[in-house]
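Notes to accompany the following structure.
We just call them A, B, C, D and E in the order they show up, numbering each chain from 1.
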Amino acid sequence: MTLLDGLWAASALTALVAAAFGRHPAAGSWLTVLYGLQFLVVAMMGGLSEGADPVPASVSFVVLGYGLAWQFSALSWFFAVITAGAALAAAWFVSGAWGRAYAARGGDLRLLQLALALNPLAMYVLLASTDFLSLFVGWELVSWSSFLLMLSGGGVGVRWALRYLVYAIGGAMAVMAAMAQAHALTGSFGFGALAAAVPELSAASLWMLVILLAAGFGVKMGLLPFHLWQAGAYAETPGPGAAFLGAISSRMGLYAMLLTLFGGLGLGTLQALHIPFTPLEAHELLAWIAAFTMVLPTFTALRQNDARWLLAWHGIGQGGYMLLGVAMGDALASAGGMMHVFNHATYQAALFMAVTAVVYRTGTADLNRLGGLVTRMPLTFLVLLIGIIGLAGLPPMNGFVSKWLIYRALIDEGQPLLFVAAVIGTLGTIVSVYKLLHNIFLGRLRVEHESVREVPWSMLTPMLALAAVVFVTGLAPGPVLDWVAAVQRELGFAVLVPTLGGVDRPDGGLDMLWVVGIMLAGFGVGALIFLAGGRARTVHQLDNYAGGHFLSAEVRYHYSDNFYAGLMHRIGSWYRGSFQWLQDALVSATDFLAQGAAGVYRAVQPVTWLLGVTVLALWWAW
Amino acid sequence: MPELILELVLMPLVAFVAGLGMLLMMRKIAAKIQRRVGPPFLQPLYDVVKFFGKQTQISHGLIHDVGIIVAVGGYIAAETLIPVPGMDGIAGRTDVIVLIYFLMVPSLGMALAAGQCANPNASIGISRALTAMLAYDIPFVIVIFGMSWIYGTTNLVQMVEYQQVHGWGLFQAPLLAFAGLFALQGMLGKQPFEIYVAPAEIATGPMVEMGGKYLGSLVVMQSFSLYTAGILYTTLFLGGGVTWIDFLLKAYLVVAIPMAIAFQFPRYRAEQMLGVLWKWPVLAGLLGLALVMLT
Amino acid sequence: MRNFTSLLFAGGLGFFLLVLAADLPLGAPPMLAGQGVLAEGAAATGAANLVTAVVLAYRGIDTLGELSILFAAAAGVGLVLGRARRRPDAEADPEGGFILLAAADLLFPLLVIVGLYIVLHGHLTPGGGFQGGVVLAAAFFLPLLGRPRNALDHAVIGWIEGLAGAVFVGIGLWALAARGEFLAPLLGKGTLGALFSAGTLPLLYIAVGLKVGAEIAGLMSTLQETEAAGS
Amino acid sequence: MTADAVTLAVALPLLAGFLSPALGRSSRTAAQWLGWAALAASAAVLWSVWVRLDGGTAAVAVGGFRPPLGIAFYLDGMALLFALAVPVVTLLFWPRAGTPQQFALTLVLAAAATGLALSGDIFNLYVFYELTAVASFGLVAAHEARRAQAAALRYLLLSAAGSVLLLAGIAVVYLRTGTLNLAHLATLAPERLQDPVGLAAFALMLLGLGVKAELFPVNGWVPEVYSSVSGRLAGLLAGLVSKLAVLVVVRALVLVFPRPEAAELMLVLGTLGIVVGELAAWRARDLRRQFAFSSIGQLGIVFVAFSVPGPAGIVAGLAVALHHLLTKPALFLLAERWGGAIEGLRGAGRGQWLASTLFILFALSLVGVPPLPGFWAKLLTVMSLMEQGTGPARAGAVVVMAATVVEAAYLFRTLGVLLARESGAESPQPHRGPDLATASLAGLILVGSVFALRPLGDGLKALAAQAVDVDGYVRTVLGGPGMAVSHPASQAPGGAGGGARVAHVPPEIAS
Amino acid sequence: MSLPPLEIVLYAGAVSLLIIGLAGLVMSEHLVRLVLALGVAEAGGNLLLVLTGFRQGAVAPILLGAAPSGPMVDPIPQALVLTAIVIGVGVQALALALVLRVRRAYGTVHMSALRARLVEDLDEAAGLPPEGSREAPGVERPV
């Protein structure tokens, strides 16, 4: 029995326990322990990131003459450790008061626990893929288990889950087409065979593979124009589920892309594949798609009035950074892209949990119905603050490190437009997450929230732990970059040699220890200056005035709706050109065709069809 | 190591003094344009002392204080990242991308502080301030990208060295220099891009709930911001400084230009500001970038 | 418009089928299997009428299927019209006139004899169980036209068709048991052309004749009863 | 038991069917037991023959007449598999509440379907095909509601028109070749049917058979009939009868018309069927018609898969067909349970966990979620199409995959309605034991097959290798050189083996 | 001018019957006419079938009395057509029975009316409201 078997067994056991006892209030704690066990097993495989041999699974099948085998490599391990961590945090969050409240409100706690347990299991299977077939099997498992998780809350979530399903199946079918095509071309499902066959393949076949794989996996990642399902589906999932999905689920698309496009076809192939009549190559096409994915969803997030939706839209945008980094493909960029997976998982989970905590206490995630909670829920505020700093990619959090790597690489590669797009995305994120923070925690406290208290420790602990990770890996990104370097080595990327604080290079490196140090020193000096003033008196929140009018509890004066009025005035009209029309057009076209199809049986006598088609067939026979 | 700590202490001091001087210069220029006499030489210092010495200091909560500290500290940290004559140890350890991000920190600090004040007018001001950031940072990063490309490094110390060998960036990329100046106008929050500061009608800006040391800290922050902007532009385009004299001269000159322009103009609304800053400096920047990268 | 399209399609189909004729060996068919039957059919089956040899021996299972189709059709008609048939108390059609009654009475024995003859000589001359069965059915149906009240007893018909079918299958099974081949010819082949020749083929034809007769009679009387019940 | 006994599988249900109405007059129960016994015996005979053949093939000269002259039954894995499915499925979908006439028709249907699977003579196939048709008309019309009779009449007219075309096609083939035996035709086809005339004959036969096989566009009867009759009958027709018609088409395609154009015709019509069926299902407003249209789409996939030449296509087609045979009837049974307008089903599945679970299971498998069998079937189809690599084949693959998306959309939309929290439906119908038991059995087989994928896959490959082995077919039926011609006149009566020659072809398991 | 060979005339006749029957099946409205058209089409098909055994100048395949005087026609199609005719009879009988029953149940013998009534019946049986607007799908669209 290998460690991978152990991981699967632990995960399956978790799922079984969840299915059997998920409804029981005490089950949450046992499940958390089991998730901890999964995390431990993953951690025991840590040697993978230091060049140890891959860990195979001892089960394997032969189906229809095709072998199915699984193993964990450095790439798998990197994603698995994130998965295990996110699952542990989410389960911890559910385990106590939140789960009880969920069940008390009529939620199906067992279903949620089961779905939550099945997701990591499916992911561990996916992450152990060794060829197209096992990849596809894992891929479908992941798709359907996240579908289950999205469904588990019922209500609006069901509609979004169904929309997700349509997209997911569409993506899966693209992957299946690519897989069948690869098999037709090489006679095998193996990535190695594909890589070996690349020199003989025509550009058309290669393009077909690239487009099918990118589109298929891009659906999961929420790449433009396949992103419309994601925000709603994630946002309407029950809180901890959303935290888990937002943290890692859509990153499985990146994993699969890394495995097939970059590990299978190879980065060199993508770089050699020209787009006709343009100076671009395939990897730049991916980078541009990534760039649009960074910018447009981010600005859509800016417009959301529901905290969960806002975060979910950002999740889509952040996926763009990951793909951008990987598609640029040099040591810095690919390291940045992959590290962003880790970083994003940590802060996104923390953010969703913080928002869920707010919902737990106030019952709403509507940004226009909250405000001033910082004094009531200071620790949640802290988590959210750290999270948004990470999300916005500001120092000293880990999000900055990955973005820095990507920016630096874009300058190296001489890609000004992509660079600007990346910065626009970041700026949009900053602007947008401030709104999130402000509308929930700053500004005026609503009267009905006067009695709100901080959430219990069962919820705070995972949130604070994640926030700590966000900070610590920002301060010392070295270890995570080491893991990434192992992945780079495995996939054949140029390898980044990290230091504890980041990257050492003469023409502008990054040492986060110094960056954080300088920053804190600056704050220290600032604090000294500030403290030079006299002692301040803290007044009540309502002790202020606006326009000469003293504000009181009767005057509900929290500036939240249409927060960026000026900005919206300028860019609001641009939203009309969103991709919604594409989806609507597809649905309408299908509907139209379907009407025609139903009409086939309604408008014409069956015998006429028989006669007509016979004539046509005979005509064709000649 | 000790010299780096020394830098960390010395540089803010220099910056503070030089920044106060810039504040003074700004008010003098405004006075000259408006045909007034203007404040006395030590007026900026008096202001700071007065604010900090006030009896009534009103805090709206911890985040109010922390926000102010972050706002001031952000600029202090930022200016230490820019090499000045004789002190480039810290600058050598980081790069211009970190600097861009550090320059965003003060806005966010102020946003935190103003947000905690629970005054809708402060929130409005913050929304405008962040919109402004979105406006001026886009041309600004284009400029940064162009200059990094020209110099082949993101390390500011190396940029200065490069310019001292190959000539100033201003001459190598005049369009980028123009775009940078434009962005600087926005970054400093000077007319016509001063809607978010709105000093003339203090009740509808981020500062509405600020008084005493809070406002004083913001004055300090402004002096740091003027100084930082000046020396950053100097470093990027004017070859940095060999000695303090020519360095500060260049920095003052750089800051004087926006001042001189500022008081000729009324104010743009937020969306107009976006339109202007996303149009001309971005166009100029992209054009300059094209010239730089294609030749 | 619809009719025009339909005509166009029909015309097109006709055109293509006629064009086919150019490539078909009309009038001089290859007859690969046919020649074989002509050559050895009589020897193998003992039937002088080679068509009968084909129908009952070479393609005996076709015939079984065909019987089953008639059976299924009759059962289907029974199911469809079963509930629509005349209620006992319903008023029946009046009796036919003298000519019809007399002719029916006169024709009945004649038809029965002719029918039986056709059935029994199926292996010798043109004709056989199907043709004879239809004549038999007509014999039993004709009087009904004259006397609608005297309905056929459907139970009896059911038993006849069931048992006749069973006999056909039974003979097949007998062959299977005796020879190891379903529906293989049994018994002596006799002299070619004699009445008692061709082994089991005449027996099969008798079963066919009874079954067809019963079914056609049953079908017609069901239809007639429904018709009589009016709508 | 010799291979000849396989004729019992046809004869016994017919015998029982003939006796059933007469017997039923005195005792309905006796008729029912008679039917069950006949079907069970039929299944037992087929099973024992299968076991005895042990992967080989055999031909049975019915009546002992040498095949080109007489009628031959051909027994290979594919034929026996489907033949065996007939009595089993018929027993499961037995019209319990029916009259003795319905029993008789069901038995006749079963016999005819078995004959369709086994027969190796095109006219004999026509007879069995018609027998299936007439029996199913009767069964459809036997349904109480008047809509069933109207649907049956429309079905009958369409089907009879198709039969005329099939007959014309047979006439053309006979005129060209002078023989009706498939094996003999296979030897003659290369010189006599490789021209437009042969293709025209195939087209006529394809469309004639297509009526039963739900081939687009001659399947107008499908939504009307399936939504008029009981779930059991719909399941029987959709699951079993359509597959056997497809099987006949495949035999003809492989043996007699191995031309790319013929396959292409099937591919094109199948592809159109997928598009139209799935889209119409997407818009369908009630559960039965949704499944009926979905069935059209699934049969389209079957046709598309079988159109791929060589064993790959047969394997894929068999997999899809068997999967559909397993799931669709069960779904019709479930539809019977809920029935009616989809809108009215809001929350109807709540509290009926077994039925809901089964629905989910079948839906997942139809959509093709690994590791359920539906996934492998779909994978095989897509892969074989892609391997073929021609334009139409790729287009077919794309359509198959696009249809999957549509299918997932409507199946899970329906499921979402069924399991909705808010209940707008009147109280759900009470549990109906036997229907649910049958559906559960299908579910169990479906899940069980997941654990037997490897033997199943190997088995299918062996079947397909046999099915495409034209030489083997010819050799088995017509006899190899030097083999004694079996003839009743020249052979001692009661000789062991009789007219059946069992040619043991070593089971070829493709690697 | 000479007549075309006999077999061509026969073939044309058979095809014509087939086509007339099929055209009638497509174009007729009255149910009884549809059944009759089916009969005509079947007759055409049967004629086509029996024609496949036709040989110029051959005699019937009956070995009675003396040896056959010339070539005999193919007996197989004759057997086939016998089967086909009987099948046709069965189908038509069933069709007529259905016509009777449908006429009683629906009170119409017109195909288009019958179809409209059938669709109504199906909707009603499914519990669907009559299809008022064909534009709007009955249920919520999946995406």
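Methods note: contacts are C-beta pairs under 8 Å (C-beta built on N, C-alpha and C of every residue); 3 or more make two chains touch, one makes a residue touch a chain.
Predicted, not measured: the structure shown is a model, and the values here were computed from it.
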Which neighbours does chain C have in common with chain E?
-> A, D
Which chain's mean C-alpha position is the greatest distance from chain A's?
-> C
At the largest C-alpha centroid distance from chain E we find chain B
Across the interfaces A-E and D-E, which one involves more C-beta pairs in contact?
-> D-E
Approximately how many whole Å separate the CA-defined centres of chain D and chain E?
-> 24
Between chain D and chain C, distance of the C-alpha-averaged centres to the nearest whole Å | 29
Could you give the separation in Å between the centres of chain A and chain B, each centre being the mean of its C-alpha atoms?
-> 35
Distance between the centres, which are taken as Cα means, of chain D and chain A, whole angstrom | 46
Would you mind listing the residues of chain B that make contact with two or more other chains?
-> none
Send over the residues of chain C in touch with two or more other chains.
-> 2, 6, 9-10, 13, 16-17, 24, 26, 29, 31, 33-34, 37, 58-59, 62, 65-66, 69, 72-73, 76, 80
Which residue numbers or ranges of chain A touch two or more of the other chains?
-> 159, 162, 166, 591, 594-595, 605, 607-608, 611-612, 614, 618, 622
All chain pairs that touch each other = A-B, A-C, A-D, A-E, C-D, C-E, D-E
In the complex formed with chain C, which residues of chain E make contact?
-> 5-8, 10-12, 15-16, 18-20, 22-23, 26-27, 51-56, 60-65, 72, 74-80, 82-83, 86-87, 89-91, 93-94, 96-98, 100-101, 103-104
In the complex with chain C, residue positions of chain D that touch it | 2, 4-5, 7-8, 10-11, 14-15, 17-23, 25, 61-66, 68-71, 99, 101-102, 104-105, 108, 111-112, 115, 123-124, 127-128, 130-131, 134-135, 137-138, 141-142, 149, 152, 168, 172, 174-181, 184, 188, 192, 195-197, 200, 487-489, 493-500
Can you list the residues on chain B that touch chain A in the complex?
-> 8, 12, 51-61, 63, 65, 68-78, 80-81, 90, 93-98, 100-102, 104-105, 108, 111-112, 115-121, 123-124, 126-128, 130-131, 133-134, 137-138, 141-142, 145-146, 148-149, 152-155, 158, 203, 208-209, 212-213, 216-217, 220, 269-271, 273-275, 286, 289, 293
Once bound in the complex, which stretches of chain A touch chain E?
-> 159, 162-163, 166-167, 583, 587, 591, 594-595, 602, 605, 607-608, 611
Over in the complex, which chain A residues touch chain D? Could you list them?
-> 61-65, 136-137, 140-141, 144, 154-155, 158-159, 162, 165-166, 169-170, 173-174, 176-177, 180-181, 183-184, 590-591, 593-598, 600-601, 604-607, 609-614, 617-618, 620-622
